[in-house]
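The first chain written gets the first letter, and so on, giving A, B, C and D; residue counts start at 1 in each chain.
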Amino acid sequence: MIISLVIHAAPGTSQGAQTALTFCQAALDAGHQIYRLFFYEDGVHNAHALAVWPQDERDLNAAWATLIRDHRLDAVVCVASALKRGVLNTDEAARYEKNAASLEPSFEISGLGQWVDACLHSDRVVSFGV
Amino acid sequence: MSTLHIVSKSPFRTDALQRCLSLVAPGDSIILIEDGVLAVNLSILGERISGTDVSCFALAGDLIARSLTTAGTEIQQADAASFVALVCEHRNSISYG
Amino acid sequence: MKTLTFLARSGPYGSSKAKALLDMVLSAAVFEQKIQYIFLDDGVYQLLSDQDSAQLGAKNVSAALPALDLYGVDRIYLDTESLQARGLQSRQLLIPAQPCNSDEIRSLIADSDMVFSL
Amino acid sequence: MGRPALTLPHGRHVALDKDGYLARLSDWDIEVAAALAHQEGMTLTPAHWDVINLVRQFYQEFGLSPATRALVKYTGQHLGAEKGKSLYLMTLFGGKPALTISRLAGLPRPANCF
(Lines give C-alpha, C1' and ligand atoms only; values in the text may rest on other atoms or scores of the structure.)
Protein backbone atom coordinates (compact mmCIF):
# COMPACT_ATOMS: atom_id res chain seq x y z
CA MET A 1 0.00 0.00 0.00
CA ILE A 2 0.95 3.63 -0.38
CA ILE A 3 1.08 5.30 3.02
CA SER A 4 1.84 8.84 4.18
CA LEU A 5 2.41 10.02 7.72
CA VAL A 6 1.62 13.37 9.32
CA ILE A 7 3.78 14.04 12.37
CA HIS A 8 2.54 16.71 14.78
CA ALA A 9 4.78 16.06 17.78
CA ALA A 10 8.24 17.36 18.60
CA PRO A 11 10.80 14.72 19.49
CA GLY A 12 11.69 14.50 23.15
CA THR A 13 8.49 16.19 24.38
CA SER A 14 5.84 13.60 23.74
CA GLN A 15 6.00 10.09 22.39
CA GLY A 16 4.31 10.77 19.06
CA ALA A 17 7.43 11.26 16.97
CA GLN A 18 8.95 8.06 18.33
CA THR A 19 5.81 6.09 17.52
CA ALA A 20 5.73 7.57 14.03
CA LEU A 21 9.34 6.58 13.40
CA THR A 22 8.73 3.01 14.57
CA PHE A 23 5.56 2.84 12.46
CA CYS A 24 7.37 4.15 9.40
CA GLN A 25 10.14 1.57 9.78
CA ALA A 26 7.59 -1.22 10.25
CA ALA A 27 5.64 -0.11 7.17
CA LEU A 28 8.81 -0.17 5.07
CA ASP A 29 9.77 -3.57 6.49
CA ALA A 30 6.34 -4.88 5.47
CA GLY A 31 7.01 -3.75 1.89
CA HIS A 32 4.68 -0.75 1.83
CA GLN A 33 5.59 2.43 0.02
CA ILE A 34 5.92 5.60 2.09
CA TYR A 35 4.76 8.36 -0.24
CA ARG A 36 5.57 11.24 2.06
CA LEU A 37 6.34 12.20 5.65
CA PHE A 38 4.71 15.53 6.41
CA PHE A 39 5.93 17.32 9.53
CA TYR A 40 3.41 19.85 10.80
CA GLU A 41 3.27 22.24 13.75
CA ASP A 42 5.67 21.09 16.51
CA GLY A 43 6.54 18.11 14.32
CA VAL A 44 8.96 20.32 12.39
CA HIS A 45 11.36 20.06 15.36
CA ASN A 46 12.15 16.55 14.14
CA ALA A 47 13.91 18.21 11.21
CA HIS A 48 16.11 20.42 13.38
CA ALA A 49 19.74 19.86 12.42
CA LEU A 50 21.11 21.55 15.53
CA ALA A 51 19.55 19.24 18.12
CA VAL A 52 22.06 17.50 20.38
CA TRP A 53 20.87 14.46 22.30
CA PRO A 54 22.46 12.89 25.38
CA GLN A 55 24.70 9.99 24.39
CA ASP A 56 22.59 7.44 26.24
CA GLU A 57 19.33 8.45 24.52
CA ARG A 58 18.13 7.57 21.06
CA ASP A 59 18.79 10.63 18.89
CA LEU A 60 15.43 10.89 17.16
CA ASN A 61 16.56 13.72 14.91
CA ALA A 62 19.42 11.58 13.61
CA ALA A 63 17.19 8.51 13.39
CA TRP A 64 14.75 10.33 11.07
CA ALA A 65 17.57 11.67 8.92
CA THR A 66 19.05 8.19 8.56
CA LEU A 67 15.71 6.57 7.76
CA ILE A 68 14.90 9.26 5.19
CA ARG A 69 18.29 8.93 3.51
CA ASP A 70 18.45 5.14 3.57
CA HIS A 71 15.02 4.78 2.01
CA ARG A 72 15.08 7.99 -0.05
CA LEU A 73 11.87 9.10 1.57
CA ASP A 74 10.14 12.33 0.70
CA ALA A 75 10.16 14.30 3.96
CA VAL A 76 8.49 17.70 3.99
CA VAL A 77 8.29 20.22 6.80
CA CYS A 78 5.43 22.71 6.66
CA VAL A 79 6.91 26.08 5.85
CA ALA A 80 4.60 28.14 8.05
CA SER A 81 5.21 25.84 11.04
CA ALA A 82 8.95 25.72 10.38
CA LEU A 83 9.55 29.46 10.00
CA LYS A 84 7.77 30.17 13.29
CA ARG A 85 9.89 27.58 15.08
CA GLY A 86 13.22 28.59 13.64
CA VAL A 87 13.65 25.60 11.36
CA LEU A 88 15.07 27.22 8.24
CA ASN A 89 17.08 25.95 5.30
CA THR A 90 19.78 28.17 3.78
CA ASP A 91 17.36 29.73 1.28
CA GLU A 92 14.86 30.68 3.97
CA ALA A 93 17.60 31.89 6.31
CA ALA A 94 18.83 34.18 3.53
CA ARG A 95 15.32 35.31 2.65
CA TYR A 96 14.55 36.35 6.21
CA GLU A 97 18.07 37.55 6.95
CA LYS A 98 18.75 35.08 9.75
CA ASN A 99 22.33 34.20 10.49
CA ALA A 100 22.01 30.42 10.56
CA ALA A 101 20.21 27.62 8.82
CA SER A 102 18.87 24.82 10.99
CA LEU A 103 17.06 22.38 8.72
CA GLU A 104 18.56 18.92 8.42
CA PRO A 105 19.23 18.66 4.66
CA SER A 106 17.34 15.40 4.15
CA PHE A 107 14.09 17.34 4.73
CA GLU A 108 12.49 19.82 2.37
CA ILE A 109 10.49 22.92 3.25
CA SER A 110 7.15 23.29 1.51
CA GLY A 111 3.53 24.11 2.13
CA LEU A 112 0.36 22.31 3.13
CA GLY A 113 -0.20 21.70 -0.57
CA GLN A 114 2.27 18.83 -0.18
CA TRP A 115 0.06 17.37 2.54
CA VAL A 116 -2.99 17.60 0.25
CA ASP A 117 -0.94 15.99 -2.52
CA ALA A 118 -0.04 13.18 -0.10
CA CYS A 119 -3.75 12.66 0.65
CA LEU A 120 -4.49 12.44 -3.07
CA HIS A 121 -1.70 9.98 -3.84
CA SER A 122 -1.77 7.74 -0.77
CA ASP A 123 -4.06 4.88 0.16
CA ARG A 124 -3.67 5.75 3.83
CA VAL A 125 -2.59 8.86 5.72
CA VAL A 126 -1.91 8.33 9.42
CA SER A 127 -1.47 11.17 11.93
CA PHE A 128 0.88 10.92 14.91
CA GLY A 129 1.36 13.11 17.95
CA VAL A 130 -1.93 14.99 17.69
CA MET B 1 -15.50 0.41 4.95
CA SER B 2 -14.31 0.63 8.51
CA THR B 3 -12.23 2.92 10.64
CA LEU B 4 -9.18 2.40 12.85
CA HIS B 5 -9.46 4.59 15.94
CA ILE B 6 -6.02 5.47 17.31
CA VAL B 7 -6.06 6.67 20.92
CA SER B 8 -2.79 8.08 22.21
CA LYS B 9 -3.75 9.99 25.33
CA SER B 10 -4.59 8.93 28.87
CA PRO B 11 -8.35 8.71 29.45
CA PHE B 12 -7.75 10.64 32.66
CA ARG B 13 -6.21 13.58 30.82
CA THR B 14 -8.28 14.07 27.66
CA ASP B 15 -11.62 13.03 26.21
CA ALA B 16 -9.84 11.10 23.42
CA LEU B 17 -11.05 7.66 24.55
CA GLN B 18 -14.53 8.95 25.33
CA ARG B 19 -14.86 10.48 21.85
CA CYS B 20 -13.44 7.35 20.26
CA LEU B 21 -16.01 5.20 22.08
CA SER B 22 -18.83 7.46 20.94
CA LEU B 23 -17.76 7.26 17.29
CA VAL B 24 -16.66 3.64 17.03
CA ALA B 25 -18.95 1.68 14.73
CA PRO B 26 -19.50 -2.05 14.17
CA GLY B 27 -16.55 -3.51 12.27
CA ASP B 28 -14.20 -0.76 13.43
CA SER B 29 -11.09 -1.34 15.51
CA ILE B 30 -9.47 0.62 18.31
CA ILE B 31 -5.75 0.70 18.98
CA LEU B 32 -4.37 2.15 22.20
CA ILE B 33 -0.91 3.61 21.81
CA GLU B 34 1.40 5.72 24.00
CA ASP B 35 -0.52 6.98 27.06
CA GLY B 36 -3.66 5.62 25.45
CA VAL B 37 -2.74 2.21 26.90
CA LEU B 38 -3.53 3.59 30.36
CA ALA B 39 -7.15 2.78 29.45
CA VAL B 40 -6.41 -0.92 29.26
CA ASN B 41 -8.27 -1.85 32.47
CA LEU B 42 -11.09 0.67 32.18
CA SER B 43 -14.52 -0.86 32.48
CA ILE B 44 -16.10 1.66 30.08
CA LEU B 45 -13.77 0.34 27.38
CA GLY B 46 -14.32 -3.32 28.27
CA GLU B 47 -18.07 -2.91 28.32
CA ARG B 48 -18.10 -1.07 25.01
CA ILE B 49 -16.18 -3.76 23.12
CA SER B 50 -17.49 -6.84 24.89
CA GLY B 51 -19.75 -8.95 22.71
CA THR B 52 -19.46 -6.57 19.75
CA ASP B 53 -17.50 -6.89 16.54
CA VAL B 54 -15.30 -3.98 17.57
CA SER B 55 -11.75 -5.23 18.10
CA CYS B 56 -9.45 -3.49 20.50
CA PHE B 57 -5.66 -3.61 20.46
CA ALA B 58 -2.90 -2.09 22.54
CA LEU B 59 0.70 -1.58 21.47
CA ALA B 60 2.76 -4.16 23.35
CA GLY B 61 5.81 -1.93 23.73
CA ASP B 62 3.72 0.78 25.36
CA LEU B 63 2.12 -1.73 27.74
CA ILE B 64 5.36 -3.39 28.77
CA ALA B 65 7.11 -0.05 29.32
CA ARG B 66 4.31 0.97 31.68
CA SER B 67 4.11 -2.37 33.50
CA LEU B 68 0.61 -3.02 32.17
CA THR B 69 -0.90 -6.13 30.68
CA THR B 70 -4.05 -7.02 28.79
CA ALA B 71 -4.60 -10.09 30.98
CA GLY B 72 -8.25 -10.45 31.96
CA THR B 73 -9.41 -8.09 29.21
CA GLU B 74 -10.62 -8.58 25.64
CA ILE B 75 -7.85 -6.33 24.38
CA GLN B 76 -5.30 -7.92 22.07
CA GLN B 77 -1.64 -6.98 21.98
CA ALA B 78 -0.20 -5.53 18.79
CA ASP B 79 3.36 -4.87 17.70
CA ALA B 80 4.43 -2.23 15.17
CA ALA B 81 3.92 -4.64 12.27
CA SER B 82 0.37 -5.39 13.31
CA PHE B 83 -0.29 -1.66 13.80
CA VAL B 84 0.70 -1.16 10.16
CA ALA B 85 -1.47 -4.10 9.13
CA LEU B 86 -4.44 -2.61 11.03
CA VAL B 87 -4.00 0.70 9.22
CA CYS B 88 -4.06 -1.14 5.90
CA GLU B 89 -7.08 -3.26 6.80
CA HIS B 90 -9.27 -0.26 7.60
CA ARG B 91 -10.43 2.29 5.07
CA ASN B 92 -9.39 5.25 7.18
CA SER B 93 -8.02 6.10 10.60
CA ILE B 94 -8.66 8.75 13.21
CA SER B 95 -5.93 9.83 15.62
CA TYR B 96 -7.44 11.24 18.79
CA GLY B 97 -5.36 13.61 20.91
CA MET C 1 -11.52 13.75 -5.71
CA LYS C 2 -11.31 12.43 -2.19
CA THR C 3 -13.58 12.91 0.77
CA LEU C 4 -11.62 14.45 3.63
CA THR C 5 -13.25 14.80 7.02
CA PHE C 6 -11.99 17.15 9.68
CA LEU C 7 -12.91 16.77 13.35
CA ALA C 8 -12.40 20.11 15.08
CA ARG C 9 -12.15 19.03 18.72
CA SER C 10 -10.11 21.88 20.24
CA GLY C 11 -11.20 25.24 21.48
CA PRO C 12 -9.66 28.42 20.08
CA TYR C 13 -6.67 30.29 21.64
CA GLY C 14 -5.55 27.68 24.21
CA SER C 15 -3.49 25.91 21.58
CA SER C 16 -2.75 26.30 17.88
CA LYS C 17 -4.81 23.24 16.99
CA ALA C 18 -7.94 25.06 15.84
CA LYS C 19 -5.88 27.17 13.45
CA ALA C 20 -3.77 24.22 12.32
CA LEU C 21 -6.87 22.24 11.37
CA LEU C 22 -8.46 25.25 9.66
CA ASP C 23 -5.31 25.70 7.56
CA MET C 24 -5.58 22.06 6.49
CA VAL C 25 -9.22 22.60 5.55
CA LEU C 26 -8.44 25.72 3.52
CA SER C 27 -5.57 23.96 1.73
CA ALA C 28 -7.73 20.98 0.87
CA ALA C 29 -10.39 23.42 -0.36
CA VAL C 30 -7.93 25.06 -2.75
CA PHE C 31 -7.40 21.60 -4.26
CA GLU C 32 -11.18 21.25 -4.55
CA GLN C 33 -11.60 18.09 -2.50
CA LYS C 34 -14.88 17.06 -0.90
CA ILE C 35 -14.61 18.41 2.62
CA GLN C 36 -16.67 17.65 5.72
CA TYR C 37 -15.84 19.94 8.63
CA ILE C 38 -17.29 18.76 11.93
CA PHE C 39 -17.17 20.79 15.13
CA LEU C 40 -17.45 18.71 18.28
CA ASP C 41 -16.14 18.50 21.85
CA ASP C 42 -14.29 21.73 22.72
CA GLY C 43 -14.24 22.53 19.01
CA VAL C 44 -17.78 23.91 19.38
CA TYR C 45 -16.27 26.91 21.20
CA GLN C 46 -14.75 27.93 17.86
CA LEU C 47 -18.24 28.62 16.59
CA LEU C 48 -19.36 31.10 19.24
CA SER C 49 -19.99 34.55 17.84
CA ASP C 50 -18.59 37.75 19.38
CA GLN C 51 -15.15 36.36 20.16
CA ASP C 52 -12.65 39.14 20.86
CA SER C 53 -9.03 38.13 21.29
CA ALA C 54 -7.62 41.67 21.32
CA GLN C 55 -6.55 41.46 24.95
CA LEU C 56 -4.64 38.26 24.27
CA GLY C 57 -2.50 39.85 21.59
CA ALA C 58 -3.62 36.97 19.38
CA LYS C 59 -5.48 36.84 16.10
CA ASN C 60 -9.15 35.90 16.21
CA VAL C 61 -8.88 32.40 14.78
CA SER C 62 -12.59 32.07 14.25
CA ALA C 63 -12.79 35.20 12.10
CA ALA C 64 -11.80 33.04 9.14
CA LEU C 65 -14.73 30.65 9.55
CA PRO C 66 -17.24 32.86 7.70
CA ALA C 67 -14.85 32.69 4.71
CA LEU C 68 -15.32 28.92 4.40
CA ASP C 69 -18.24 29.44 2.07
CA LEU C 70 -16.00 31.44 -0.27
CA TYR C 71 -13.58 28.51 -0.30
CA GLY C 72 -16.40 26.19 -1.31
CA VAL C 73 -16.51 24.49 2.10
CA ASP C 74 -20.22 24.08 2.72
CA ARG C 75 -20.49 20.76 4.57
CA ILE C 76 -20.15 22.11 8.08
CA TYR C 77 -21.56 20.16 11.00
CA LEU C 78 -22.03 20.80 14.67
CA ASP C 79 -22.38 18.09 17.29
CA THR C 80 -25.38 19.22 19.32
CA GLU C 81 -24.50 16.94 22.25
CA SER C 82 -21.15 18.70 22.66
CA LEU C 83 -22.96 22.03 22.63
CA GLN C 84 -25.47 20.87 25.24
CA ALA C 85 -22.80 19.29 27.45
CA ARG C 86 -21.14 22.71 27.62
CA GLY C 87 -24.32 24.65 28.32
CA LEU C 88 -24.06 26.51 25.03
CA GLN C 89 -27.26 25.48 23.30
CA SER C 90 -28.76 28.95 23.40
CA ARG C 91 -25.64 30.76 22.21
CA GLN C 92 -25.47 32.61 18.92
CA LEU C 93 -23.20 30.94 16.36
CA LEU C 94 -20.79 32.55 13.94
CA ILE C 95 -21.70 30.49 10.90
CA PRO C 96 -24.54 28.21 9.98
CA ALA C 97 -23.67 24.60 10.78
CA GLN C 98 -25.81 21.57 10.29
CA PRO C 99 -26.74 20.07 13.68
CA CYS C 100 -25.73 16.44 13.94
CA ASN C 101 -25.37 13.63 16.47
CA SER C 102 -22.90 10.78 16.93
CA ASP C 103 -24.82 8.50 14.57
CA GLU C 104 -24.58 11.03 11.79
CA ILE C 105 -20.91 11.71 12.49
CA ARG C 106 -20.26 7.97 12.28
CA SER C 107 -21.80 7.82 8.84
CA LEU C 108 -19.87 10.91 7.69
CA ILE C 109 -16.69 9.16 8.82
CA ALA C 110 -17.68 5.92 7.12
CA ASP C 111 -17.95 7.85 3.84
CA SER C 112 -14.50 9.43 4.24
CA ASP C 113 -11.26 8.51 2.54
CA MET C 114 -9.26 10.25 5.25
CA VAL C 115 -10.03 11.78 8.63
CA PHE C 116 -8.02 14.41 10.48
CA SER C 117 -8.73 15.37 14.06
CA LEU C 118 -7.17 18.20 16.04
CA MET D 1 24.55 46.19 -1.45
CA GLY D 2 22.01 48.58 0.06
CA ARG D 3 18.69 47.49 1.39
CA PRO D 4 15.97 47.39 -1.21
CA ALA D 5 13.62 50.30 -0.88
CA LEU D 6 10.74 51.81 -2.72
CA THR D 7 11.25 55.45 -3.66
CA LEU D 8 8.11 57.51 -3.50
CA PRO D 9 7.24 61.10 -4.36
CA HIS D 10 8.61 63.76 -1.97
CA GLY D 11 11.75 61.72 -1.33
CA ARG D 12 9.98 59.20 0.86
CA HIS D 13 11.53 55.73 1.12
CA VAL D 14 9.84 52.55 2.20
CA ALA D 15 11.89 49.47 3.13
CA LEU D 16 11.27 46.25 1.25
CA ASP D 17 12.57 42.78 1.86
CA LYS D 18 14.65 40.89 -0.69
CA ASP D 19 11.59 39.65 -2.53
CA GLY D 20 10.02 43.06 -2.82
CA TYR D 21 7.52 42.71 -0.01
CA LEU D 22 7.00 45.55 2.44
CA ALA D 23 9.30 45.19 5.44
CA ARG D 24 6.65 46.86 7.63
CA LEU D 25 3.01 46.46 6.77
CA SER D 26 2.19 49.73 8.53
CA ASP D 27 4.05 51.57 5.74
CA TRP D 28 1.28 50.71 3.29
CA ASP D 29 -0.78 53.47 1.74
CA ILE D 30 -2.10 54.24 -1.72
CA GLU D 31 1.19 55.82 -2.79
CA VAL D 32 3.03 52.68 -1.79
CA ALA D 33 0.57 50.48 -3.66
CA ALA D 34 0.99 52.61 -6.79
CA ALA D 35 4.78 52.42 -6.55
CA LEU D 36 4.74 48.64 -5.98
CA ALA D 37 2.52 48.30 -9.03
CA HIS D 38 4.78 50.55 -11.06
CA GLN D 39 7.72 48.23 -10.22
CA GLU D 40 5.79 45.47 -11.92
CA GLY D 41 5.09 47.66 -14.93
CA MET D 42 1.48 48.20 -13.91
CA THR D 43 -0.47 51.42 -13.73
CA LEU D 44 -3.34 51.20 -11.31
CA THR D 45 -6.72 52.15 -12.71
CA PRO D 46 -9.98 52.47 -10.78
CA ALA D 47 -10.68 48.85 -11.73
CA HIS D 48 -7.43 47.78 -10.05
CA TRP D 49 -8.24 49.85 -6.98
CA ASP D 50 -11.65 48.27 -6.60
CA VAL D 51 -9.99 44.88 -6.31
CA ILE D 52 -7.12 46.03 -4.08
CA ASN D 53 -9.56 47.63 -1.67
CA LEU D 54 -11.66 44.51 -1.76
CA VAL D 55 -8.68 42.33 -0.80
CA ARG D 56 -7.96 44.63 2.11
CA GLN D 57 -11.59 44.30 3.13
CA PHE D 58 -11.30 40.50 2.85
CA TYR D 59 -8.28 40.55 5.14
CA GLN D 60 -10.00 42.85 7.63
CA GLU D 61 -13.04 40.63 7.67
CA PHE D 62 -11.47 37.17 7.82
CA GLY D 63 -7.82 37.63 8.85
CA LEU D 64 -6.74 35.69 5.78
CA SER D 65 -5.01 36.47 2.53
CA PRO D 66 -7.45 35.04 0.03
CA ALA D 67 -6.73 32.12 -2.24
CA THR D 68 -7.72 32.83 -5.85
CA ARG D 69 -10.88 30.73 -5.63
CA ALA D 70 -12.14 32.64 -2.60
CA LEU D 71 -11.15 35.99 -4.05
CA VAL D 72 -13.03 35.28 -7.28
CA LYS D 73 -16.20 34.47 -5.38
CA TYR D 74 -15.81 37.46 -3.05
CA THR D 75 -15.26 39.75 -6.05
CA GLY D 76 -18.42 38.40 -7.63
CA GLN D 77 -20.37 39.13 -4.47
CA HIS D 78 -19.10 42.69 -4.08
CA LEU D 79 -18.24 43.97 -7.56
CA GLY D 80 -20.78 42.06 -9.61
CA ALA D 81 -20.94 38.66 -11.21
CA GLU D 82 -19.24 39.79 -14.43
CA LYS D 83 -16.09 40.63 -12.44
CA GLY D 84 -16.20 37.51 -10.29
CA LYS D 85 -14.11 35.52 -12.75
CA SER D 86 -10.49 34.53 -12.48
CA LEU D 87 -9.96 35.72 -16.06
CA TYR D 88 -11.04 39.23 -15.07
CA LEU D 89 -8.53 39.29 -12.20
CA MET D 90 -5.78 37.82 -14.37
CA THR D 91 -6.38 40.42 -17.06
CA LEU D 92 -5.89 43.14 -14.45
CA PHE D 93 -3.10 41.63 -12.35
CA GLY D 94 -1.44 38.88 -14.38
CA GLY D 95 -0.93 35.17 -13.91
CA LYS D 96 -1.16 34.74 -10.14
CA PRO D 97 -3.69 37.39 -9.23
CA ALA D 98 -4.26 36.52 -5.56
CA LEU D 99 -0.53 36.73 -4.76
CA THR D 100 0.01 39.93 -6.72
CA ILE D 101 -3.02 41.69 -5.31
CA SER D 102 -2.14 40.67 -1.74
CA ARG D 103 1.32 42.13 -2.23
CA LEU D 104 0.02 45.37 -3.69
CA ALA D 105 -2.62 45.58 -0.97
CA GLY D 106 -0.02 45.34 1.77
CA LEU D 107 -1.18 42.05 3.25
CA PRO D 108 1.30 39.83 5.14
CA ARG D 109 3.54 37.91 2.79
CA PRO D 110 2.47 34.31 2.55
CA ALA D 111 4.89 31.83 4.13
CA ASN D 112 4.78 29.56 1.10
CA CYS D 113 5.33 32.08 -1.64
CA PHE D 114 7.85 30.10 -3.66
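Quick note on the criterion: a contact is a pair of C-beta atoms (placed from the backbone, for glycine too) under 8 Å apart; a residue touches a chain by one contact, two chains touch by 3 or more.
Keep in mind it's a predicted model, so treat the numbers as computed, not measured.
A.B. asks: Report the chain whose mean Cα position is at the greatest distance from that of chain B.
C.D. replies: Checked the centroid distances; the maximum from chain B is D.
A.B. asks: Centre to centre, by mean C-alpha position, how many angstrom separate chain B and chain D?
C.D. replies: The separation of the two C-alpha centroids amounts to 50 Å.
A.B. asks: Could you please state the distance in Å, as a whole number, between where the Cα atoms of chain C are centred and where those of chain D are centred?
C.D. replies: 29
A.B. asks: Indicate the whole-number Å distance between the mean C-alpha point of chain A and the mean C-alpha point of chain D.
C.D. replies: 33
A.B. asks: Which integer distance in Å separates the CA centroid of chain B from that of chain C?
C.D. replies: 25
A.B. asks: Check each residue of chain C and list the ones that touch at least two other chains.
C.D. replies: Chain C, residues with two or more chain partners: 17, 30, 113-114, 117-118.
A.B. asks: For chain A, which residues are shared contacts with two or more other chains?
C.D. replies: Each of 8, 80, 111-113, 124, 127, 130 in chain A touches at least two other chains.
A.B. asks: At least two other chains touched by the same residue of chain B: list those residues.
C.D. replies: 92-93, 95-97
A.B. asks: Considering only which chains touch which, how would you classify the arrangement: line, ring, star, complete or other?
C.D. replies: other
A.B. asks: If two chains touch, include that pair; go through all of them.
C.D. replies: Between chains, contact exists in these pairs: A-B, A-C, A-D, B-C, C-D.
A.B. asks: Sort out for me which residues of chain D touch chain A in the complex.
C.D. replies: Per the stated touch rule, the residues are 17-19, 111-112.
A.B. asks: In their complex, what parts of chain B are in touch with chain C?
C.D. replies: Chain B reaches chain C through residues 1-3, 15, 19, 22-23, 25, 91-97.
A.B. asks: Would you mind writing out the residues of chain C in touch with chain A in their complex?
C.D. replies: Touching chain A from chain C are residues 2, 4, 16-17, 20, 23-24, 27-28, 30-31, 33, 113-114, 116-118.
A.B. asks: Along chain C, where are the residues that touch chain B in the complex?
C.D. replies: Residue positions touching the partner: 7, 9, 17, 40-41, 102, 105-106, 109-110, 112-115, 117-118.
A.B. asks: Within their complex, state which residues of chain B touch chain A.
C.D. replies: Residues 6, 8, 33-35, 59, 61, 79-81, 83-85, 87-88, 92-93, 95-97 of chain B touch chain A in their complex.
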